[in-house]
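Common to both upcoming complexes is chain A, partnered first by chain B, then by chain C.
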Partner chain A sequence: MWWYDNKKNNTGEEEVTVKIRFFARFRELLGTDIVTDVAPGTMFTSLITTVAKKNPEGYAAIFDETGAFHEFVILMRNGKRIDIADADKTVIADGDEIAVFPPVAGG
Partner chain B sequence: MFSQRELERYKRQMMLFGEEGQERLKKAHIFITGAGGLGSPVSIYLAVAGIGTITIIDMDVVDQTNLNRQILHYDRDIGRKKTASAEEKLQELNPDIIINAIDVKIDESNAINLIGNADGIVDAMDNYPTRYLLNDVAIAKKIPLFHGGIRGFYGQATTIIPGTTPCLKCIFPKAPPKEVFPVVGVTPGIIGTIQANEVIKYLTDSGELLLGRLFIWDGLQSHGEEICVERNPACKACGGMTTKKTIPGKKK
Partner chain C sequence: MIAIQTNDVDIGALIETAKKKGTGAVVIFDGVVRDDDITEMELEAYEDVAIKELEMIARDATEQFRLLHVDIIHRIGRLSVGENILIIVVSAGHRVEAYAGSRYIIEKIKKGVPIWKKELTKDGGRWVPGQHSS
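Moving on, here comes the complex of A and B:
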């Protein structure tokens, strides 16, 4: 099938396609509805790190100096919450829609 | 019973929820925490809708920098207590309701007593530590909490029914850092109006509340959307709470 071949990367593995949705300030800095193909077995943290690194300011908004998520960042996969403590051991699945959201504090 | 003046005043909305719905609004006591950006539209719309008793608390004095968004306060109010300014405006907007404006800093020592037996708490705060405190009181007393937050052109809102929906801590376990946040007045205008709308719907049992749904407003894109939020069984605030079968809006 044409799409099957398209989804093979250069090592011959089938890639998975995911969509990342940034919200609010993250969206301003990094855009949104980013559709990307990644190797199978890619973890959440690694994917979001790669995408966020396209803008240093965007990266700094989401991650701290140690490369960990800021503790207030909200991560959702297909509408379900993923604890940021688990994001580096959670594998991305084909078709996942990932939301990355900063709560706002003002009133 | 309504006076002739009240029947006239509320005529157009009683077309929506009847005299019975209006009666529920009149009997209700809503507690609004803050007379600032969110507290202004929330209190104005709840006052004109005829919420019988509104308690609004704030500890601040009106500052020039507040006036781009805190529409309860006018230029002439600079230097005046926000509670005095709020009480005057709200009472003028609707002389048929009771306004309790309390000049106080809400904290762990007084929150339970201040909130008392209110029928709903509106979160119009500007920081998470106080929001978590409101969340704790809402859970302890099983009072609905109408959450709103804003920054810049962005906002969020959700309605929390303790024991049924996720609580504030389930949704936001960790507070974002404290900052002097940028804001344009229309953003709390939009989010505060959504909170007031939720209160009115809750009390009159109208429509569908933002239960388990976090409404997210992007004012730059003029785009609103929602994400589903779920209870966290290990939540430190509401984790042990059993689901109580309540129908929002149905008052005992």
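Moving on, here comes the complex of A and C:
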């Protein structure tokens, strides 16, 4: 399991470190294996929104014009799928591996 | 053997390994890169998760169809037209279970295992649309 120790930000608040993995077209637009520190209590949707906004095309690939995930986007936290409906109430924890990807096409 | 790898495999050797005591049928599924006016195909996987899901699919198929042996080898990286993408080998006492088990495995892979394909053409490339299912 990928893991980092807690860190403190400049206000002395403990931050959590997470890794974000994008795949396929999302990876081409946004990169992958992005390690970032976020404030405790950050929600899944908020984290991905912040990271995706660095590339408008990447953001548009993942989110619709209302800022909601496109219904086809697949979300995972530590290898387990998360429903889009639950993403804005899923708190990110230290050491989490978050994955966001388009529909699969193996085989 | 359950694997995600760049290298091809010796299907003949897999068939021999699949023959167990009680085997009456071995079914091979071999998915290959189709000549759809492409130069190559590029495959990508969320490997840690994909391997676990392939292992779970193999366990479920073994239990449900009383299989005696299962191999699933999914290749990643760049593949040329005609190369093997996915090899599924199942062994069972009878053909009915062997065919059904093989079909179950390929459909489960198509539906949910995190693997993607990009068709590379002279003009660039495009990601193969996936199924909208989790």
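Just a few scattered comments:
Here is the rule we go by: the second predicted complex is superposed on the first by the 97 of 107 C-alpha atoms of A that agree within 3 Å, B and C clash if a C-alpha of one lies under 4 Å from a C-alpha of the other, contacts with A are read in each partner's own complex, and residues count from 1 in each chain.
One rule holds in what follows: a contact is a pair of C-beta atoms (placed from the backbone, for glycine too) under 8 Å apart; a residue touches a chain by one contact, two chains touch by 3 or more.
Note that the structure is predicted; figures quoted are calculated from it, not measured.
When the shared chain is aligned, no partner comes close enough to touch A:D88: not chain B, not chain C. In the overlay built on the shared chain, the residue A:D37 is in contact with neither chain B nor chain C. Contacts of A:E15 after superposition: neither chain B nor chain C is touched. Counting contacts as defined above, chain A residues 23-25, 27, 71-72, 74, 76, 79, 81, 99, 101-107 meet chain B in one complex and chain C in the other.
Contacts from chain B toward chain A in the complex involve residues 34, 36-39, 123-128, 148-152, 154-156, 171-172, 174-179, 181, 183, 188, 216, 218, 220, 227-230, 232. Those residues of chain A whose C-beta lies close enough to touch chain B in the complex are 23-25, 27-28, 71-72, 74, 76, 79-81, 99, 101-107.
Contact residues of chain A toward chain C in the complex are 21, 23-25, 27, 71-72, 74, 76, 79, 81, 99, 101-107. Those residues of chain C whose C-beta lies close enough to touch chain A in the complex are 31, 43-46, 48-50, 52, 74, 85-86, 106, 109-118, 127-134.
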